[in-house]
Amino acid sequence: MVNLEEIKKEAKKILEEGKVKYIIGYAKSSNILMAAPVFIKKPEDVNKLIWNPTCFQNLVKFLLDEKRKKAREKEPDTRPVGIFVKGCDSRAINVLLQEKFITREDVYIMGISCEDLGVLDEKKIFKKLKDEKPEKIEFDQGKNIVISTKEKTIKIPLKEILAERCLECTSSFPVISDVFWGDRNNRSPKEPFKSLEQIESLSQEKKWDFWQQQLSKCIRCYACRSVCPMCYCDECVVDSINLAVTADTSAEEKAQKIKWIEKSPESSENFGYHLVRAMHLAGRCIDCSECERVCPVDIPLRLLNKKLEKVAKELFDYKAGLDPEQPSLVSSFKDEDPEDFIR
Amino acid sequence: MAEEFEPKIIAFLCKWCSSAGSDLAGVSRMNYPPNVVPITVMCSGSVSPLYIFNAFQKGADGVLVSGCHPGDCHYIKGNFYARRRIALVKELIEYIGLEPQRFKMAWVSAAEGKKYTQIIQDFVQELKPLGPQTKLRREK
Amino acid sequence: MEKILTKKSFPAWVKKLQSYTVYAPEKQENLWSYEVIQNPDKLNLEHLNTVQAPKKITFPQREVFLQFNTSKEGKPQIKEVLPKEQPTVIFGVRPCDAKAITLTDKVFGEEPKDPYYWSRRNQTTLVGLTCNTPPSDNCFCLSVGGSPHAKEGLDILMTDMDDKYHLDSLSKKGEKLIKAAENLFKPVSPKEKKELEKIHRESEKKIKREVKDIKNIPDKLKNMFNSPFWDEEAMSCIRCGICTYLCPTCYCFDITDELTSTLPLNGKRVRTWDTCQFPDFTMHSSGHNPRPDKASRLRQRILHKFQYHVENYQDYLCTGCGRCISLCPMGIDIIEILNKVRDHE
């Protein structure tokens, strides 16, 4: 089991040595079932750090902010940023390295293995609690969660309330790191794409009904895009602005800018947005499933990205984020790539 | 009797092979259905998935992407990239429930005017029983 | 006018309202949402906070203003599209969400009045429900001048009293609803009146979260515009639109032209929600963005709600529903931010 005190000790050490600018980690939030990101600058603040299965967020997202901030500063502090990563998060760093969005010197990676667990799924907990409100939680031996509500105290084995993606995770430990806690045991889930089966088995019409119903709920808050460490485009296809606009861009040019997807949350537009996003994440999505977790209207977005992950695996034997040196899925090819669908 | 449904096909044809192939079909006065709107692009590798989704949004009943045969790409390997990307689009489109018959990819060289007409003929025949594509369409 | 309605007769009452489109909270999968009710027998008012406030009905995310095209002769033609909704009743409105509608009423009620908003709003009757227990862990209505049984904005306030509802009709619109099925209602006995008062008193005690001395905050904020405080607080913000799109009081919108064809011209002008949390919200056409980073956007959200709106309308643009706290993916908590602002040196 990972010892939080050791983690704090290391965090304190590197801050005191000035090895890192600051550390991005997890702290308590006002929601007891969810940790919040914390940015630690002073060694004495390391006591805020926590590590448990409520540490959902993929903190790699914040490296994008850091890069933008650094670009604006005249004399930026070039020291790396310390960042805590789980297995999936570390693969996100690999993709950013692969795409040369960040360099290895930008980050001091503090990897924590999820060992045989992962993070919780809040919805599964609420189902177990039958809408009672949790008032206190405790983790017992890293095996169970003990939840107290006003009425009762219940003990649930963590394995029953882990997020789907953790149940299908094939590498639960960071694949790249500067310091590391926990074990490096590979997991081999029997059915790593089990969650897709239900939809895949449907008829075309039923598939459509499912996605039509789900994507029509979208309110285009773009939380899925905002939380995604892979969504770093300066200008997204759904945004109404063009950052390439300069003082000399004529009104005509601006007016003629193609609008691919309208702002209206209509079915067709929502499909446009989510399909483009899924395509853009093909071979890049590392299945942290943050998009699905943050969706306020509960669209199962992970199932879109997971599908393309499966296709990439089956057709091209490609898995995202394992090696920063490998060429990316869509900017490479093999002679023997399948073409039986081409006439 | 109601008029027979005539599908509208958007065809993204690469400038160097497929578009030339379609021209060959034209100048050779080969007959083929008028249901296709060709859009010449520089390379099949330059066809963004966005173009394909947008064609469906704007009411295309079928979309065709056609490029040079493997090894013949004017830009050496553009069609190899296209092959991968289109495979992903095809899988995704099927997964969300759009009829897979509505989206096709082909290799058509500048000499294959006949093949081009055949592809369009077959495509139209396949689309007719499906009726209009309304799923991704903006105006229903 | 106060009345008593047994829970058994509730569906019968709703059935009498055929001339209205009836909305009520419905549980879909895991979430509560206001939906058009087809079968009143299934209606139950035991909902937690809906993800989206009834704002989505009174101020929908998208509405068409006008349609335009060029005629065959090349003449431009424009046709205004006003909402054609029939009278609407929304059941189960939480007092905080009702208060929120009164806040948007003020904004859209300024001259020139917004005809699109008002043609819909005037047709809407709001039937509220006392929050006997807080519908969210993050309710803090008491701090912003509301209460779990507040009447503001409501046409009827219903209170759950075990096997019956107490109804307090507060407007002509409310009276009309009750008159639709007058025989179902009974007068309130003094005992029931006492019981009601007790429920209301108790409901206030159950609100756990609060912002103390909130009245000091608007003044405090005046001197904090340039404070590094915002950089710190916004560190974990990911600039999504959850806090604002789901806020019952946020009313910012964008107007765009959606073209179906350029030649011949054909399209619609539509209004859609917009949010100050998106980077392109303040983007100028020159390429300059006066709110370039997420700190300035978080500051805008807080300042608008607790300084600017107070200056312009003498009320907070926040009704304490707690949605932005419960749903923030990064755990940003407006109560904590306000407490820090209040204690800021």
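Read from first to last, the chains carry the letters A, B and C; within each, the first residue is number 1.
By our rule, a contact is a pair of C-beta atoms (placed from the backbone, for glycine too) under 8 Å apart; a residue touches a chain by one contact, two chains touch by 3 or more.
The structure displayed is predicted, hence computed values, not measured ones.
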Subject >> Innermost chain, where centres are averages of C-alpha coordinates >> reply: A
Original post:
So which chain is the furthest away from chain C, centre to centre on CA atoms?
Top reply: B
Original post:
What is the distance in Å between the mean C-alpha positions of chain A and chain C?
Top reply: 31
Subject >> Whole-Å gap between the CA centroids of chain A and chain B >> reply: 35
Subject >> Between chain B and chain C, centroid-to-centroid distance (C-alpha), Å >> reply: 47
**OP:** Two or more other chains in contact with one residue: find those residues in chain A.
**Re:** 266
**OP:** Can you tell me which residues of chain B touch two or more of the remaining chains?
**Re:** 138
Original post:
For chain B, which residues are in contact with chain A within the complex?
Top reply: 49-50, 53-54, 57, 70, 77, 80-81, 83-92, 94-100, 104-107, 119, 135-138
**OP:** Provide the residue numbers of chain A that touch chain C in the complex, in ascending order.
**Re:** 29-31, 34-39, 57, 61-62, 65, 69, 123, 126-127, 131, 133, 219-223, 225-227, 239-241, 243, 245-247, 249, 254, 259, 262-266, 290, 293-294, 296-298
Subject >> In the complex, chain A residues that touch chain B >> reply: 199-200, 202, 204-212, 237, 260, 266, 268-269, 271-272, 275-276, 278-279, 282, 304, 307-308, 311-312, 315-316, 329-333, 335, 337-339, 341-343
Subject >> Residue numbers on chain C that touch chain A, as the complex places them >> reply: 29-31, 48, 51-52, 61-62, 137-138, 235-236, 238-242, 245-246, 254, 256, 258-259, 270, 272, 275, 278-280, 283, 285-287, 293-294, 325-327, 329-333, 335-336
